[in-house]
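Below, each structure is written out as structure tokens.
After this come two complexes, each holding chain A, first together with chain B and then together with chain C.
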Partner chain A sequence: MSDVSPSPALRRGLGDHIILAAVLVLSVAMVAPVLWVIGLSLKDNAELMANPNSVFHPPYIIDNYIAIIGTSAVFRWIVNSLIVSVGLTFGTLVLASLAGYGFARLEFPGRQVLFVIVLFGLAVPEQAVLVARHQIFSILQFHNTYQGIILPGLSNAFGVFLMTQYFRAIPKELDEAALLDNASRFKIFWKVLLPLTLPAQATLGIFTFLGSWNDYFWPLISATRKEMYTLTVGMASVQSNFAQSEGVGFLMAQAVFAGLPIFIVYLFFQKYIVTAVSGAAVR
Partner chain B sequence: MTAEIDIRNVSKRFGSLTVLEDLSLKIPAHEFVVFLGPSGCGKSTLLRMIAGLESIDIGEIFINGEPIGHLPPGQRGVAMVFQSYALYPHMTVRQNMAFGLQNISVSSKVIAERVANAARMLEIGHLLDRKPGQLSGGQRQRVAIGRAVVKEPNAFLFDEPLSNLDAALRARTRVELAQLHQRLKSTMIFVTHDQMEAMTLADRIVVMNNKKIEQIGSPMDIYDRPATRFVAGFVGTPQMNFLNVTALATEPSGVRVECGALAVVAPFDAAAVGRATMLGIRAESVSVVRDGEGDIGATIDVLERLGDRSLVHARLADGQSVVANEAGQTRLKVGERIGLRFAGDKAHLFDADGVAFHVREAVS
Partner chain C sequence: MSSNRRRTGPNGSDWRNALFIAPYLFFFLTLLVFPLFWGIWLSFHKADTFSSGAFVGFNNYVRLFNDHVFLQSIWNTFYFVFLTVPALAIIGLTLALALNSSSRLATVLRSLYFSSSVLSVTIVTLIWRIVFVPQFGLLSTIYGWFGAEAPAVLADPDLAMIGIALTTIWWCIGLPMMLFLAALQQIPGDIYEAAALDNAGWWRTLISITLPSIRRTFVLVLIIQIVLQFQLFGQSWLLTRGGPNNLTKPIVLYIYDIAFRRWDVGLGAAASEVLFALILVAAMTQYLISRRQEER
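And then the complex of A and B:
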């Protein structure tokens, strides 16, 4: 009734406006560089050299993209990246689910110790094991093979941890009800529990795929033959000018090109990615 | 077929904690048995041992004469309804009910028939294509029962299936469960800590406490002739009155029991003399009379008006408290002096170990 203090509805309206403004500013901050990159990718390299500001006006050309597609190996690299990313994602989901089920549901001696060892894996950076891994893979002749690129990523401590927690959160009474329903252990895993972990599978799958697609470090080391490059490594290999003072347009076209598959994945899995990321933030 | 369940000398421990000790119990076919006891007394554990969800440490359980200790849960011919219902969240109601039958390769025609029948009986036909998340608590409960019914088990095991329902729904479901039992005639074992549920549902009640069975009997048996002080106190609302016995003597007309200034004479079992330490009597066997009349005088502490009757909480001169029952809506007032009359032949005596002595059955 008072006309001094604003009503809750009005205050909420004001809060909404502030949030909206913040979202707008942040969105512009996020989108501007992307647009800039796309703009640069559509410019002639020489023109950009002469005047970096030429990005703001035509002519816009697609020569840089034609040059990329003209690189004979580029489709091979895309296929390599797809094989590696899909293989790694699939393998990670299978292994992490089985391990998670095991840690959450099976009684076996040493379970706790083993789980702690897995958790320690979270704290070991890739760089620390690089040399040893390189040696081992040399002996096994895994370099320049798909398994050479995929295998290291399969030991995903975070994935095992995530799935273990997820399986643990499922009430044991569901297993028991299924036992009374004459389901075998595998059937309980496959038909009752696994479907309930779908949100976690989506989270883990998406993060694994994105991480694998964008990975540069290990493929660069393991894949030394051009036809085994992944897209990221391949793209980097055709940059003749490492100071990146020239050919900025071409460079940016590469960035856009490499990001396209991710963009497509995002379009398809938008819903899951949003929940995956926000879920990760809440927990 | 329906199951006769024979539990012989069963013990169970979890680590160093003994939950059940040398427990034996025979449940005839078709019977509706209720395991009643305070929470933590091992009711669920015993039920889960019958179901096969807990191992049997010592002893054996027989169903229709066959030992079942070595059989996996699915092969014991029992179905269980969990307190949390444990419906599969990602399956529709129909799939929930069909799952157990599919696993034993029942033909899809038979499955469809049984699901339809059970759905009709439980009035959940319109819910078959919904998932558990889209159901109310009461509906989930029905689905959980339906999932058990379609298996046509020899025995149903219910673990506190009504405790998540509100009071009105609980009362209704109780009646429906009784009807279900009438209809299916299967053996049913029902676990609860709620004596009201036990009294209304059971053919026989098994009262459990502290690792063992206190008493097995019909609801009226348990109510009228509790075997131990625990049973006497656990069953019945309000709780039975307990008074300390100060003197016991045999008289021509029976046993004279004195509790301070109160004296009750009734044909108690003569074995009680010299042993009983406690007198127990239900509120309905204590009536309020005018001050100066009855067996002893008292002062009213609290009045509970329940509509059809009133509970009178009275205090004796020596400080002991007694609850009496008055039919209808009382005109008594708190603080008023009254007399209490004890129906001695409805009283019970208990010795120091809690073992009960009753009045001798009337011989006519």
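And then the complex of A and C:
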């Protein structure tokens, strides 16, 4: 054996290298399914039917993507998803900022108890309230409307919790100085403190947008009319076409097309998303 | 103490201050608290979409536990959690250990492993359907290279849930990795320098420094994932519709079937209360076990 007494540094490096090699191999499994889907989306349906292996050779065509522009309801669903996600993100930021400031900075009767109750809200999974919520929305005739899809998300306690933590971390001297200048509570909140919470707003905004864009269960049971589908529900509804496999290339093109917007968002905001995730983790 | 605060602090207690909380509280009470209790109330009634009918006591719960499909779905859910949660924790930790550096390769791989997490369940299941499907499937193509025939994973009673678990791990691996990475960054570097001076090897450093330092994160990852994976729905619904033979039907899919396809709202509400209780118990158990170990 040649490794009579390897230095600690060398041994440490070896272990790291073995793990890194394993991780590299695993990344092939991460990428391969996506490449496969993209490959199929670039093939003619008839050619695929005749020979599935034809995905490995040219000709590659973009006809499937052109067909989306002509026929597909995907655009409508993307617009619906945008309205819902932007609406919910905006609403959540407003509600959570106001409540976070209130819980962190102001005194009013019952504050402690209310905050604890809101924290308990974090522990309630969506399924525990889903059935009752659906019935309430039926009575209010909120199903198949934008507010019907948006409103439940506004009750999420995570944002309030995050913003309260963030407001608490801001030095109190700042608002005390403003109070001496006779600024109103709202003015202190709006002019002095809110600008300082921008990083937290970004974190919460990204989380809310991603969660809302990808939400499947509530839109599935609330938006039952095709023109009110969000992108996730719409894409799920075309999956059943899968049985008639003459449309595999077309279906895959739709999948790529539908995945694209959020993927572009990810590429652009990657740094923020990663900081958001790990920032929320440390807390 | 409190009078002191009132005298010196500019923040006097004033009910008008609660106006800042009021908007959120309105949605919290109407869309979370009220439905929570309304759901419990519904579970004791024979109800449909618009109305709740007669009070039936524990009848819904009795029906539930006499329904072998429901019992099967509880078993399926636990099986799925057992398949995914340890794998997500261990693979996530391995990835974090390997990619905890500022090198270019590590940065690229980190974003690669996290990228699947931003996709919706619909896209993820579409991708994996095309992996598992017999004719055009990636799997059957790879088997084909070796002249073998791939099993029809999603139609096979023994393999279907494993296929759903693989899909889920592929989808969800980003979050545990990120949580572990954040924890690894918190370990002060001088501990490692001291270990290096003590001639501690790679393995020994891992066992006696790295792992103990991130134990709390490990528990956090387990709890988050247990709560998350207990709510399995989309993957099963879209990949297998709960089949074959209800073998991949989780509790949430059972609730969906009963409450929103058969409109037996009372029974569906009862099932969702059972799920709620299971999640609470599982998360609490995990938390208490970890607390006890820490005290020791």
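Criterion: the second predicted complex is superposed on the first by the 210 of 283 C-alpha atoms of A that agree within 3 Å, B and C clash if a C-alpha of one lies under 4 Å from a C-alpha of the other, contacts with A are read in each partner's own complex, and residues count from 1 in each chain.
The rule we apply is simple: a residue touches a chain if its C-beta (ideal position, glycine included) is under 8 Å from a C-beta of that chain, and two chains touch if they have at least 3 such contacts.
Quick caveat, the model's predicted, so the values are computed rather than measured.
Participant: Just chain B (first), just chain C (second), both, or neither: which does A:A183 touch?
Facilitator: A:A183 contacts chain B only, not chain C.
Participant: Going by the contact rule stated at the top, is it chain B or chain C that touches a larger number of residues on chain A?
Facilitator: In the superposed model, C touches more residues of chain A.
Participant: Name the contact category of A:P33: first (chain B only), second (chain C only), both, or neither.
Facilitator: After superposing on A, A:P33 lies in contact with chain C but is clear of chain B.
Participant: What is the contact status of A:P171 with respect to chain B (first) and chain C (second): first, second, both, or neither?
Facilitator: First partner only, chain B.
Participant: Quick one: classify A:V192 as touching chain B (first), chain C (second), both or neither.
Facilitator: Only chain B; A:V192 stays clear of chain C.
Participant: Go through chain A and flag every residue that touches chain B in one model and chain C in the other.
Facilitator: 176, 179
Participant: Inside the complex, what are the residues of chain A that reach chain C?
Facilitator: 8-9, 11-16, 19-20, 22-24, 26-27, 29-34, 36-37, 40, 48, 52-53, 55, 94-96, 98-99, 101-103, 105-111, 114, 117-118, 121, 123-136, 138-139, 151-152, 154-155, 157, 160, 176, 179, 185, 189, 210, 213-214, 216-217, 221, 231-233, 235-236, 239, 242, 245, 248, 251-252, 255, 258-259, 262-263, 265-266, 270, 273-274, 277-279, 281-282
Participant: Can you name the residues of chain C that touch chain A in the complex?
Facilitator: Contacts found on chain C: 10-21, 23-25, 27-28, 30-36, 38-39, 42, 47, 49-50, 52, 91, 94-95, 97-99, 109-116, 118-123, 125-131, 133, 135-136, 138, 141, 144, 170, 174-175, 178-179, 181-183, 185-186, 196, 199-203, 205-206, 217, 220, 227, 230-231, 233-234, 238, 252, 255-256, 259-260, 265, 268-269, 272-273, 275-276, 279-280, 283.
Participant: Flag every residue of chain A that touches chain B in the complex, lowest number first.
Facilitator: Touch list, chain A to chain B: 171, 173-174, 176-183, 187, 191-192, 195-196.
Participant: In the complex, go through chain B and note every residue touching chain A.
Facilitator: Residue list for chain B touching chain A: 51-53, 72-75, 78-80, 82, 84, 86-90, 99-100, 103-104, 147, 151.
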